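Structure provided below as structure tokens; questions to follow.
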Amino acid sequence: MSIFNNKKSSPELGFGNKNYNKNVRFINQDGRINVKRTGLGRLGNLDIYHWFITISLPKLILVIILGYTVMNFLFAGTYYLIGCENFGGLEMQTEMTKFMSLFFFSAQTLTTVGYGHVYPTGIAASSVSAIESLTGLLGFALATGILYGRFSRPKADLLYSKNALMAPYMGITGLMFRITNKMQYELIECEASVTISYNDPETKKREFDQLKLEISKINFLTLSWTIVHPIDDESPIKGWTLKDMEDRDMEMIILMKAINDTFSQTVYSRYSYKADEMIEKAKFKPLKQEATRNGRIVISVGDIHEYDAVQEV
Amino acid sequence: MSIFNNKKSSPELGFGNKNYNKNVRFINQDGRINVKRTGLGRLGNLDIYHWFITISLPKLILVIILGYTVMNFLFAGTYYLIGCENFGGLEMQTEMTKFMSLFFFSAQTLTTVGYGHVYPTGIAASSVSAIESLTGLLGFALATGILYGRFSRPKADLLYSKNALMAPYMGITGLMFRITNKMQYELIECEASVTISYNDPETKKREFDQLKLEISKINFLTLSWTIVHPIDDESPIKGWTLKDMEDRDMEMIILMKAINDTFSQTVYSRYSYKADEMIEKAKFKPLKQEATRNGRIVISVGDIHEYDAVQEV
Amino acid sequence: MSIFNNKKSSPELGFGNKNYNKNVRFINQDGRINVKRTGLGRLGNLDIYHWFITISLPKLILVIILGYTVMNFLFAGTYYLIGCENFGGLEMQTEMTKFMSLFFFSAQTLTTVGYGHVYPTGIAASSVSAIESLTGLLGFALATGILYGRFSRPKADLLYSKNALMAPYMGITGLMFRITNKMQYELIECEASVTISYNDPETKKREFDQLKLEISKINFLTLSWTIVHPIDDESPIKGWTLKDMEDRDMEMIILMKAINDTFSQTVYSRYSYKADEMIEKAKFKPLKQEATRNGRIVISVGDIHEYDAVQEV
Amino acid sequence: MSIFNNKKSSPELGFGNKNYNKNVRFINQDGRINVKRTGLGRLGNLDIYHWFITISLPKLILVIILGYTVMNFLFAGTYYLIGCENFGGLEMQTEMTKFMSLFFFSAQTLTTVGYGHVYPTGIAASSVSAIESLTGLLGFALATGILYGRFSRPKADLLYSKNALMAPYMGITGLMFRITNKMQYELIECEASVTISYNDPETKKREFDQLKLEISKINFLTLSWTIVHPIDDESPIKGWTLKDMEDRDMEMIILMKAINDTFSQTVYSRYSYKADEMIEKAKFKPLKQEATRNGRIVISVGDIHEYDAVQEV
């Protein structure tokens, strides 16, 4: 007899069952998983390409400018050690002026602009500048790769409603939130999966349960999509109040998967709601959609946050 | 008891149930979804990379030339403010000539051509030109990424027959249209899905129904493919005339999915027919296919539009 | 009642049912589908990027050199029309020498090498050279994209045995062929699909039938894989002799799908055997596989073609 | 009657059934499949792009420097043959100095830095340098493609526990190992497949059997994942001791598949344990996971190797 059947089917999210205090969330609001991996030295857990692709644009520009300046200082220093007499076109004034001239000669070599009013004459100077222009080209090849990698990186610019609501739904209550696509490109074949994580007061362990969804897949995310978990008799949160959710430090973990239509790329998006981001007795306002005179349907994506209070649930 | 079974299975296209007037279509003839998203400011809903990838080639060339000119003006202005005495090789005539010389010096720096008959001498001028040549390289790295992104973007150049026909099909009537691959590369594992959207006269809402297809997948799209919905007793359009379709403002939404064989890319294509693009009592002419003397099978893709009238249906 | 069940299940290859003469094959030996699409003008059916990616390397080099030369002639001509007095550093001898100097100045501008011993002085000459260096950079960006596209294009370098054999197989006869991976990278999750196409002597139409395979998927294609269709009672070619296959102009169409492990790319490969490439009463020689002293398993891929005659089938 | 049912279902790994001596393993510790393909000449089995992508970084740098030097020697030699009188700016001293000057002129042309203190004058010299600068640009385009290809290559930096353990598991024994993600990026939708390969003492052939796993798929690989094969009555290794495994030269082959979340790339990882890397009567230490003061969960990836002895199994 196999023991496989004895295993209770649970959503295998991979977060483990340890209980943390309430300021810990598994998924940050920006969709990143809240785990830091260490143990391989200062930079061992860092993939340099991933780092370049995922840092912010201002940081990247800073790194490029810094790298450019440092490289020029290093090469200018080398040229200075080789000696100014190995360069033609240098105006020999102070040591400082000489170094600056070599610094700019280095910049002109690294970028291959090579005006040539300063130029290397001896073998040492010529060799180093031959190495520098090759370095420049390779560095630039790297920059091309990084910029393209950042550009073409699959991304889903989903907007999630600020709150998840407990709203009336087909005679019972539904736990629901709303998403939309912020951008003009299309997301197709969208799939949603919603899991809750909470502290079980009995076992004192972190438990995970998947929430059944009314619809878990749509063909196009053109307007907005209200993702609804109907709290029916089978629901693991049947009968829970908002207070219960807070007491159990409940986190609602959302995984979205879609295809970016422009590039046929599969894209992923994550989000999470903790109990203090959920609202009882409220329902989403219908999203305004107008057709312009020339037949174009228009929505305003910020409207997905809006909700109305409801009297009775 | 779960409420999931109570839900009528409907194709979840994601378009909502609002009724628009008749000049609104969900899918434009070029395959784009007819929805504009706003609400994030002037450029907030625009992904700059997607924009660069999807604008027309003339527009892209215009943007590049404009950007190049503006950059040169900005840098030339900066050089002019720094002062012409900081540049060697400048012929000092009128202010206008000076500015033009600096403008072209800027162009030679930005493209890293760097002839060197004009060259920077002071620290300020040298620094700005060092920044300009770096800017040039990075801008060029961007251009490389954009051009490659445009080139390598997955695309399916499908040609759809101008009309969808109501033709005799195996004793009953079929609603059919025809597609072919315009290009010499191969599309494989082609799948079709056809949905209709129409105004329900009773509910006054927009309804969606998926149409069953005779064959919904083929291995190769080598010749042409006539996609047929047999209007049998289970069909949601059983008994509808062309007039009925017009009255209900019916739109036939086609989603195609295939694999571009050269790049193993999944490609998507969309199309839609409204009632005025459908024709009753007509059937497609067989596509001419000839073998050349050296054994090559030849078709002419434009032939897929052609049809003949039929007397009886 | 639905008519879907009445449809005989046939493999939908998409080739149509027209009969051609015997020198026509659907799949060429190089895996290309033997169909030419026309009807959109001289170049209308050609995707320029696909063309650049799929032409042979010598052709590509020729196109680049030709394009480079033509561009230089065009720009040199423009410079010549503008007049040599607008260029500094030109040695004014014969008209021919002037043109050649401008031609090489153009080459130095297009590649942004810009030595500067010849340089533009007037506004017209400077403007055209500013345009030329930008053109050079963009052309080079295109070349980068094309080279990377060629490089990174998914490919499966499968080697197919020259012949398909009718060999004894588990008491009956099997129709089999053998494949191996020519290259050092790994192909994983390999899938095979085999279809026959033949002229039906009764209907006079081209028929298609899928052949059941003993094993249609393997995890790794490390050594060789003999793909076997056991000719059992359910086989569509039960009882056919080689002569029958020839009379029916049978073509055995093979579709392979695998994942290139280095790049996680799905790759496709096609091949076909016609009756004159099939051999009766023969079986493949076992592929020699040796372990070297340092524990490396070695095979020689060319061995997959080898077979032995067998007496009885 | 079809013969398909007679076939015993076995995992089709594609390694064949030949028995090797004990120092041969199918999967090396670095995840590479231990097969070398030959038979197409010295370089015939090598895809040059795959080679560039997969060699180590120091090797790549060496190849680039070597290629750069060789190219410059070839072009310098050509210039020398054309004659130094065809170059302006050359200081004519010894033959050696001349050649060195031409060598550096070549480097300045190949990298398009083009200072211009040396420049070609005659048609032959100008032509060759026009070819060299084009060659430089194309070579650089290649380098860009190779660097980007290396960068963007899908990779899963999985860390496998050094040992596989036979540990108590739910009342019986489990064969288990542990993996974690070394890097800061996320791996999602992780799947595992475990197969054993061993010499069957009866048939003297290499046999393969798939091991059932307690859980074979998890959503996130955030912490660590202990992959367990419960040795129940259905297990092919039921009752085997470590000694039995050694006698049969057992190799446990692990295939992992996951999605790199940053790039939506499917990534593969392989590993294998031979009997001498397995340990009886031991169990993994729980992985330490701490929450930092600002709510970040931290693990140290190296801890996955650690285990404790257990008394009874």
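For reference, chains read A, B, C and D in written order, and residue numbers begin at 1 within each chain.
Keep in mind that, in the parts below, a residue touches a chain if its C-beta (ideal position, glycine included) is under 8 Å from a C-beta of that chain, and two chains touch if they have at least 3 such contacts.
Nothing here was measured: the structure is a model prediction, and the numbers come from that model.
K.L.:
Can you spot which of B-D, A-C or B-C is a repeat of the C-D interface, where more than half the contact pairs line up?
P.N.:
Interface equivalent to C-D, from the options B-D, A-C or B-C: B-C.
K.L.:
For the two copies subunit B and subunit A, is the contact made of the same residues on each side, with over half of the numbers shared, or of different residues?
P.N.:
different
K.L.:
By how many degrees does subunit B turn when fitted onto subunit C using C-alpha atoms, rounded in steps of 5?
P.N.:
For the C-alpha superposition of subunit B onto subunit C, the angle is 90 degrees.
K.L.:
Give the chain pair, either A-D or A-C, that is connected by more C-beta contacts.
P.N.:
If we tally the C-beta pairs in contact for A-C and A-D, the bigger total goes to A-D.
K.L.:
In whole angstrom, what separates the CA-based centres of subunit A and subunit D?
P.N.:
Each chain reduced to its C-alpha mean, subunit A and subunit D end up 26 Å apart.
K.L.:
Measure off the straight-line distance from the CA centroid of subunit A to the CA centroid of subunit C, and report it in whole Å.
P.N.:
Taking the mean C-alpha position of each chain, the two centres sit 37 Å apart.
K.L.:
For subunit C, what residues touch not just one other chain but two or more?
P.N.:
Residues 108, 112-116, 144, 148 of subunit C touch two or more partner chains.
K.L.:
Hey, which residues of subunit D end up touching subunit C in the complex?
P.N.:
Its residues touching subunit C are 1-4, 6-7, 11-16, 18, 20-21, 23-26, 33-40, 44-47, 49-50, 53-54, 88-89, 108-109, 112-116, 119-120, 123, 126-127, 129-130, 133-134, 136-138, 141-142, 144-146, 148-149, 153-154, 255, 265-268.
K.L.:
Show which residues of subunit D lie in contact with subunit A when the two form their complex.
P.N.:
64-65, 68, 72, 100, 104, 107-108, 111-117, 140, 143-144, 147-148, 151-152, 157, 170, 172, 180-186, 188, 190, 212, 214-215, 217-223, 225, 230, 232-234, 259, 261-264, 289, 291-292, 294-303
K.L.:
For subunit A, which residues count as touching subunit C in their complex?
P.N.:
112, 114-116, 144
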